[in-house]
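Following are the structures in question.
Here chain A shows up in two complexes: once beside chain B, once beside chain C.
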Partner chain A sequence: MVKTFHPRTLEEALKIRKDEKAIPLAGGTDLMVRFRSWAGTQPDFPWPVMFINHLSEIRYIDIQPKEIRIGAGATLSEVEQCSEVPKVLRTAVSQMAAPALRNLGTVAGNICNASPAGDTISVLYALNARVELTSLHGARQISIMEFISGPGRKDLGDDEIMTAVMIPIESFTHTLYRKVGTRKANALSKLSFCGLAKIKAGRIDDIRLSFGAVGPTVVRSVETEKKLIGLSIEKLKELYSEIRPDYVAMVQPIDDQRSTAVYRKQVSLNLLDQYIESLTMES
Partner chain B sequence: MKKRISDSIRRVDAFDKAGGITKYISDMDFEDLQYGRLVRALRSHARIKSIKSPKLPDGYYFITKDDIPTGGKNEIQQISNDWPVFVKDEVLFYGETVGMLVGPDRQKILDLEDAISIEYEELEEAFSIDEGLALKSGKIYGEDNCYGDYHLNKGDVKKGFAEAVTVFEEEINTGYQEHVYMEPQGLVGYYENGKYVIIASSQCPFYIKKAISPVLNTDQDNIVIKQATTGGAFGGKEHFPDIIAAPLAVAVDVIRKPIQVVFDRKEDLSFTAKRHPSRGIFRTGLDAKGNIVAMDVDVTINAGAYMSCSNIVLQRAIFSINSVYDIANVHVHGRSVATNAFPSDAFRGFGAPQGLFLAEMHMSHIARNLGISPVEYKRRYFMKKGDTTITNGIMHDEVKLEEMLEKVYAAGSIEEKLAEYTPGSGRGIGISFYQHGAGFTGNGEQEIIKAKLKMLKHGDGNVEILLSNVEMGQGLQTTFPKIAAQVLEIPIEMISCDNPDTSKVPNSGPTVASRSLMVVGKLVERASRELKERWDEDEEVEVLVNYIHPEGCEWDQATLQGDAYPTYGWGVCAIEVEVDPATAEVETKGIWTAHDVGVAIDEMIVHGQVNGGVIQALGYGSLEKLDYKDGKFQQNTLADYIIPTSMDFPMMSSQLIENPYENGPFGAKGLGELVFDGGASAFADAVEYAIGKKVYKIPVTPEYIMEVKNRD
Partner chain C sequence: MTEIAFVLNNKKISVEAEGATRLLDILREDLGLTAVKEGCGEGECGACSVLKDGLLVNSCMVPIGTVAGCSIETLEGLRNSDEGRCIIDAFADSGAVQCGFCTPGMVMASIALLRVNAHPTIDEIKVGLSGNLCRCTGYDMIIKGVQLASERGEGIW
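For the complex of A and B:
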């Protein structure tokens, strides 16, 4: 028998989280699938379950001067339809699952599922997103890159609930998001690529490159990006072949039931090449 | 004015199905319903040393082979009877039934299942065709692991090869395919008034009756199969319901309460039969001008651990191995190979899609080697009326492929596109030609099925059609009454054709082989004509008709020689694709088809079949990768087993050619499988054109395209 909770306030939810170690369930689009059981029986949850999607305190998208705060209860559809949310994230969300699932699923849930194939995660890595984790003792914020440490592994205390995702408001001159899914709709990713760059006067002011589903976590290297930042487009053309091997080494996908390591690696690098080429062409 | 038979009407079942009113197996209520769950052997090849089950609470049962009634056999009577109800001693495939847990609470059943432990002695396993042929796991069947081993000879292949200047050899493969009927497998069994009753989501109620009668050691008259409204089948409910019905019947015999066995999706994907994987090895001799002078083909299919219908599937595969072409000198060697894989079974097309894919790709490859357009090359060999078929029968049909090709070209502006796109440019067009022998092979209708059909006129003027063919989405409960209404000149609302109940309907045969509308529909037409003549004879009039074999259709099943099929449906399919240079993902830009189905009994239903069949074939050809590893299907959820969505392929153009067949009702021929037969090869052919390299297997996934592009 699965024990379930339906808190009325966030504070009540935090108490239940602490006392019962109940897992927060917002849309349930991952959890209900992962713990499904034979038809006619209850899902096979190893913990009590706490519904949180109805809590108005976390169901918001708030546009602040420097960042956008997406409450943990905001659905993927709400994010997709909010014009202030960065286009690249909205694009990624619009390619997730199917409309009915997007009406239930949340960005926070996608992050907490911590799958390397999570479609918002590669984009949020590139956007330098932070997450807010709240317990009865207060809230803390960490970057999404620190939050996720492996497939399904995350820095979430057993008394904490993710309450918001923060995205800095920035502008980019070149953005590319590409999901290579198993089909055109209602598909899981074989791999994904996100490239964001700010090019000013023929020089790279900022660049972020992230790869989904090609390692235990989303792959992004701030170190390698630093090698690219500050380069002129001319220099980029010259030096790209020296920097590319960093990604050849970092992108380490596996064979599974959805695709092959060889394909994932080659396509990831093809998309990287394509993106870098787009920077040189349009400048 | 009398309407044309082909003019579309609203389907009889449309409103209730679209409105969620129709009740399927899982929706039915029964008093004191018990749930059954198959307990499976989770080894591919092993001897069972012991089975330990926990102490069962009251009202719970673990049904095993020891529960088979006295005198009953632990074997399911299908075409063969090798498939046991419960594992005998040796487990031959992963997931084979060991027993069935039954009880009122499903959670408790799951807990009990966890507490059952089976001890095995592991044995060597053989999964691939080659491992089966090499007897890697010993003799699974006979001396050589070949359920079927056939040779076909047409012309003089030796003489042909003597004239050959070059010999072109290649191997082509097709993969597994899962049916993904919307409603998974499900049955309910109970005991009532001295009879065993099974309500089944199935294609062949009379097959189930026959299958379980020796198990229960009871006369077939003591078994009643009631057809439940069936949410799709595609061949997956032709024989497989027998496999569930047999242990269910044993459980009903012991428990005497209603018991439901319904697979959930994962169980259905993991543990039901799939389409046979196939391999074709071609050796084709060409003369100096590139003409085919001889063709030698070795066809093997992976049949799995039990025979089921594999030999008939193999027969259709080898009869299709020349596609729509008249090749003068041919030898075909076909084998259905026993392995420790899950037994393969019927699937829309029944071997023809495999044979046709192998044939179409091979013909395209010969043409490409010669630098000739595949279409031009294939046209040289189009079968014509009076030509000799691969089984040395006569093609009785007027073959209208040229006319169909012209229609497809015009609809898709194919000529212009072919001129514009160069091979290897990333854009391509593929065209396939195909035929499907309608109905049972050879004289099966006459010798085995012997279909009977009854029509009743009641006192109120309403008419009832009694037959055993089932509505499974293909529209029979609309088309059968439509035929009768047209003949009787009464409104279709006055005619009923309900889900069959074997205690009430005559056996008009199984719902398979694209036979129902053509063969049984003809019986409906004949019975209606008789009924019309006798309409005023009495208040109630009963008409019974029997199958009549078409004249001039000779067949010898022992040698597989003669007219393999009474008639054929024909098809042409063109696919336009664009291949993404970075990801090798394929965007299908257009689909144009033309089909000869004789005469459409209802154009909307035919278009539904064309749309569904072609898209299902495109899934087979491009997306539906199903790997078998260590005895297990790897893609066992619908997140991983990828069937197309409506977003994956564009609207298709479909045209029909009228070519009436005299032994079909109003000239109709079978079409349900035909429309599946050409999509995969057209897609693969288009990809070949787009990437400028040959593909040798389906599904043509982006992963495989990348591999092909990296070749050389």
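For the complex of A and C:
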């Protein structure tokens, strides 16, 4: 029989988290499936569970001058419908599962599940998102790229709850998000690609390239991006063939029930080529 | 076991349950509301769709502990309402029901859609019903059913 908690405030939740080591459950769309048991019986959670979706302290989307704060209780539908949230993230969210699931699931939950195929994660990597982790001792913020270290592995203390996701407000001239799945709705990603770039006067001011479901974590290399930043479009055409092998080496997918390594790698690189070509054509 | 109070089909009720128990099981096993179907049990088929505070959700993914203080609507509560009758008749007239297993979920998804968008396009209907699988109809008749309900149901949503 799994112990469940229904805290009334965030502070109470943090106390339960510390004392009982209870796992926070916001939407439940991952946890209820991962630990589901026979029909008519309770899910088989290996730890106590704490419901947090009702906590008003984390149920918000706050637009600040420099960043957007998405509270850990904000649902995917709320994020999808908030016009201030970057379009590329709203696009990714709109392709997740189906409306009924988006009414329950949360961005914070998608991050804490830490699947390399998590659909918000590849976009949040590209957006330089940070996460806020709160314990009774206070809150700390780290980059999402530091937070996730492997499939299901994350830097979350056993007394901490993720309370918010922060996205810097920036503008890009070229954005592309593509999810490749078996069908449009209710399909986990075979792979995903997110490209963001700022091109001013024929020069790359900023570029970010991330790949989902092709490695133990989302793949993004700030080092390789640095080789591209500052290049003119003419130079990009010239040098891309020298930089592309970085991504050929980094994109290392596996075979599983959803797709094959060969397919994932080929399509990821096709999307990269297509995105880079779109930069050279429009400028 | 804890006592969990919520509103079910506009009536206040409370159930004794373990918090992690699925809403689906409470509705079917404890309360006998068998319009709510278990298809896949993992949020992919939509047969267990209900409305939670007016929003479409899969009841197989909702622990009863998160329902405390919420309002839940199932097909049983809607089938005699203007909305319910309009959609059920439109589905019947369009041939949208074959084996019928997906139908309660389809009706719930249609109501959720029409309440926020009384005149959906075909593409909007497809998105609204995208989480509900039907293995009989090929969906065309269901989409026609929603269009017919939208035409007939002016002002009721």
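Note that the second predicted complex is superposed on the first by the 283 of 283 C-alpha atoms of A that agree within 3 Å, B and C clash if a C-alpha of one lies under 4 Å from a C-alpha of the other, contacts with A are read in each partner's own complex, and residues count from 1 in each chain.
Quick note on the criterion: a residue touches a chain if its C-beta (ideal position, glycine included) is under 8 Å from a C-beta of that chain, and two chains touch if they have at least 3 such contacts.
Just so you know, these numbers come straight off a predicted model, no measurement behind them.
A.B. asks: Is A:G28 touching the first partner chain B, the second partner chain C, both, or neither of them?
C.D. replies: Touch status of A:G28: second partner only.
A.B. asks: By the touch definition at the top of the document, which applies to A:A39: first (chain B), second (chain C), both, or neither?
C.D. replies: In the superposed model, A:A39 contacts both chain B and chain C.
A.B. asks: Touch check for A:T224: first (chain B), second (chain C), both, or neither?
C.D. replies: After superposition on chain A, A:T224 lies in contact with neither partner.
A.B. asks: Touching A:L104 in the superposition: chain B (first), chain C (second), both, neither?
C.D. replies: In the superposed model, A:L104 contacts chain C only, not chain B.
A.B. asks: Quick check on the superposed pair: does A:V49 touch chain B, chain C, both, or neither? Answer first, second, both or neither.
C.D. replies: Only chain C is touched by A:V49; chain B is not.
A.B. asks: Should A:Q81 be classified as contacting the first partner (chain B), the second (chain C), both, or neither?
C.D. replies: After superposing on A, A:Q81 lies clear of both chain B and chain C.
A.B. asks: For A:A185, is the partner it touches chain B (first), chain C (second), both, or none of the two (neither)?
C.D. replies: both
A.B. asks: Is A:H6 touching anything from chain B or chain C once the two structures are fitted on A? First, second, both or neither.
C.D. replies: Second partner only, chain C.
A.B. asks: Please indicate which partner A:S143 is in contact with in the superposed arrangement: first for chain B, second for chain C, both, or neither.
C.D. replies: Neither: A:S143 stays clear of chain B and chain C.
A.B. asks: Determine where on chain A the residues touched by chain B overlap those touched by chain C, and list them.
C.D. replies: Shared contact residues on chain A: 33, 36, 39-42, 184-186.
A.B. asks: Could you please specify the touching residues of chain A with respect to chain C in the complex?
C.D. replies: By the definition above, chain A touches chain C via 1-2, 4-6, 25, 27-29, 32-33, 36, 39-43, 45, 49, 51, 53-54, 77, 97-101, 103-104, 184-186.
A.B. asks: Give the list of chain A residues in touch with chain B in this complex.
C.D. replies: Listed in rising order, the residues are 33, 36-42, 178, 180, 182-188, 257-260, 262-263, 266-267, 270-271, 273-274.
A.B. asks: Quick check: in the complex, which residue numbers of chain B touch chain A?
C.D. replies: Answer in residue numbers: 26, 35, 37, 106-107, 109-110, 262, 264, 266, 581-585, 623, 627, 634-635, 639-640, 642, 644-648, 702-703, 706-707, 710.
A.B. asks: Show which residues of chain C lie in contact with chain A when the two form their complex.
C.D. replies: Residues of chain C touching chain A: 2, 18-22, 25, 29, 38, 41-44, 46, 49, 52, 55-58, 60-63, 65-66, 68-69, 109, 112, 127-128, 130-132.
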